[in-house]
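Chains here go by letter, A, B, C and D, matching the order in which they are written, and residues are numbered from 1 within each.
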Amino acid sequence: MGMGDARQVIAKRAALEVKDGMVVNLGIGIPSLVPDYLDPSIRVFFQAENGILGMGPTPTKNPDGNLSNAAGYPVSILPGGSYFDSAIAFGMIRRGCIDVSILGALQVSQQGDLANWIVPGKRVPGVGGAMELAYGARNLIALMTHCEKDGSPKIMKKCTLPITTYNCVKHIITEMAVFTVGDKLRLDEVMEGFSVQDIRNHTEADFELSEALGKN
Amino acid sequence: MGMGDARQVIAKRAALEVKDGMVVNLGIGIPSLVPDYLDPSIRVFFQAENGILGMGPTPTKNPDGNLSNAAGYPVSILPGGSYFDSAIAFGMIRRGCIDVSILGALQVSQQGDLANWIVPGKRVPGVGGAMELAYGARNLIALMTHCEKDGSPKIMKKCTLPITTYNCVKHIITEMAVFTVGDKLRLDEVMEGFSVQDIRNHTEADFELSEALGKN
Amino acid sequence: MNPFDKVTDYDKVRSLFFDGMTLLFGGFGGVGTPPGLVDCLIDSGVKDVNLIGNDAGFPWVGMGKFVCLERAKSLIASHIGSNPVAGELMNQGKLKVEFCPQGILVERLRSGGVGLNGFLTEIGRGTKLEYEKPIVTINGKEYMYEAPITGDFGIVFAKKADTFGNLIFDKTARNTNPFVAMAARTTIVEAEEIVPMGELDPEAIIVPGIYVKHIVPSKGYNWKWVWEMPDKSSRNAPPSK
Amino acid sequence: MNPFDKVTDYDKVRSLFFDGMTLLFGGFGGVGTPPGLVDCLIDSGVKDVNLIGNDAGFPWVGMGKFVCLERAKSLIASHIGSNPVAGELMNQGKLKVEFCPQGILVERLRSGGVGLNGFLTEIGRGTKLEYEKPIVTINGKEYMYEAPITGDFGIVFAKKADTFGNLIFDKTARNTNPFVAMAARTTIVEAEEIVPMGELDPEAIIVPGIYVKHIVPSKGYNWKWVWEMPDKSSRNAPPSK
């Protein structure tokens, strides 16, 4: 599976976690692909930390530089949406008003530690809003390709990259698998084309099988 | 001089401290009489801690319960005025955006300590916004009658009532005198009908005379 | 519950209240305190309520109406000067009152409402208010720690709400209402007008609907203001409904 | 200066800036960053500037244009990911960067802007960000202390200003601007439209004019957004004026 395909597979699976009536915050990267796969019959309010609730789709014409998502790309606003300053935007986030936050990740540990803000000596994007999204969201879903390009695992016993927030990730979705973080990490779903053994081979973390998977 | 007259004399003198272009906060009691004596040629923005900047006079008809000053009495709003929440109202106050704050006082010490929030065992109004007004204002003027009804002094070496804020009062205006608080308390003006000796007789605090008064 | 239609009625709200609850209320001297929800609170019969709001209103205005019934156990407020009954109950030990400077109180609500863990200030240093508060030393300087406030319920008075709970307020009736809405675990709004989603200008919305759980229609203030009273010092409530 | 007419020109503003000043700037990825005032800053020739704002923009967008000139000494921001030049300058030791979580940064500006002395949070506990910050224990629990931010100047981009400096913003270009306006000792506003006092709805004003010192007229953004670029990964600035 190519990297591009993998990203689409992950986004499509993540879209199933978004239910009618939810307030959702999407990080940049793979999460930004999620809206393309939402059930069109459900009504969701997307929030962005630059100061908008009720983001609608990319405008087909006349994009407005002052109406953008947190990545700076043009969006629209739905009826019932609102604009506010970034202090209120993060106030909502920390206060637990976001039903589900879907973030890209560099690594996730079996305890749900999230690493997604810095690769020392290489990439220094800065922490952005990730720490607060991870802290406040009622449900935090981390999306990432299952392995690095060189094949090394990203779901770890312990993250080797600097931590964004400890014990925050509730679900991990990759192109190979869906995990839930509880007292232990649990494999819930094996994506099409992979086996449990494939996942064992590409995962450093210890995990148990869900009841459904254990039966097979 | 009756108590009512004294209050008017104090308010009239205090009005001279308000200059063109200032932002002014008025406490309840005697300070609320100050606007009646302002030079009509100057332009002043009154701020109130319930959330309004640019308060205008009491409406002559159709007062609006939702357009009031901090004491709950109807006001109007001038062109250029704004409404905001009480957090912003007090933010302005603490940040030092108020040029002059004119507060009623129960006692003031020669160091500029203000007591105006509680008379133990008797009156328990609570602290209200006085501590923050006293903390933040660039210039804090305390207005009060010079003595208690029983003749006991209110300008003290040390306040006997609980302190609202230490070292905050810059000027004291009574029906007898105007003082400035500096390294020492200084008597700047003697009001009509009184002598320096009258003021000595009714003031517990130590004070020196201004250069102008000293010459007389 | 449909998260995009939060409109309900007073019966529903009344059934939510419980003895011993913590109730945050908007308003400043009664201006901006939701009159229908105060009556709803009174009618609910609940007692031992822990109240948090700017002041105790007047005996016949705002939260003062409830305070006079002796069913509040405690009150955190900036002053109770306009409600002598509250002062008497305090002096009799029937109402525990904690005074907090006005702007500090609203910041404590905000701190809870935005998910922070309190703040430091110099306001009140050295005064009687200081003694129950932790002192924190930063770079050799001492500050008072002010704790965040949250509560079981918050009652808010809005000029307009859409069905999602986006709110706008009326002039100085805004005051502490936005922070009560943000700080409460369950925020209940009494709105003078309720409109469909999309009717409020997204730029003008003061409180986004995400903070609001229930909305009830208002009939407006049902009390007289002190400046409307023949005897302005009167402690006796005029007929209120 | 007439406190009710604060409109001035870029020459005046340019003359205010000085080497080593601390400059707060509004904007989020360049959206809401005042383009004319960034050019004014560039033209002023000042150096060793301490910048505080959400991010380093893009190399040709927002404060990124100035950062690339190597005349900023330090930057407090939440990320610099969209401006690779900022990352290079940081790695070369030419720009001291302090990272702060995005919402914490805006709260630090607000804390300075409302005259409080900082706040406590759990955000970032145990991470690398923690180690330069004081830890405060309240009721047995540890929190990070976040200091208030103020600065010599704040530059703000508004949709409309009246001559007193009352401000309204445009959609998501509001972002951090209100807090930059409140936190700076001297706040300078670039407004797309300047109107007489009385023309703005007092209910709609986001920043009251009391916080504003100078107002200059804007000609709008003079850069291309990343989504307008033929090669979206381009680091090369398109013609900007």
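List of remarks:
We take it that contacts are C-beta pairs under 8 Å (C-beta built on N, C-alpha and C of every residue); 3 or more make two chains touch, one makes a residue touch a chain.
The structure displayed is predicted, hence computed values, not measured ones.
Chains that count as touching both chain A and chain D, per the definition above, are C.
More inter-chain C-beta contacts link the pair B-C than the other of A-C and B-C. Set against the C-alpha centre of chain D, every other chain centre is closer than that of B. Each chain gets a centre from the mean of its Cα atoms; for chain A and chain C, those two points are 37 Å apart.
Separation between the centroids of chain A and chain B, computed from CA atoms only, is 56 Å. Centroid to centroid, with C-alpha atoms defining each point, chain B and chain C lie 29 Å apart. The multi-chain contact residues of chain A, meaning those touching 2 or more other chains, are 77, 83-84, 87, 90-91, 93-94, 135. Annotation for chain D: residues 107, 114, 116, 122, 171, 202-203 touch two or more other chains. Every pair of chains in contact is given here: A-C, A-D, B-C, B-D, C-D.
Listed in rising order, the residues of chain B touching chain D in the complex are 21-23, 43, 45, 47, 53-54, 77, 79-84, 87-88, 90-97, 135-136. Listing the residues of chain C that touch chain A in their complex gives 2-4, 113-116, 162-164, 166, 182, 196-198, 200, 202-203, 205, 208-211. Across the interface of their complex, chain D is touched by residues 48-52, 63-68, 70-74, 77, 83-87, 89-91, 93-94, 118, 123-132, 135, 162-166 of chain A. Looking at the complex, you find that chain D touches chain C at residues 107, 111, 114, 116-122, 134, 136, 138, 143, 145, 147, 168-169, 171, 202-204. Of all residues in chain C, only 28-32, 54-55, 77-82, 87, 90-91, 97, 99-104, 106-107, 110, 122-129, 170-179, 206, 221, 225-227 touch chain B in the complex they form.
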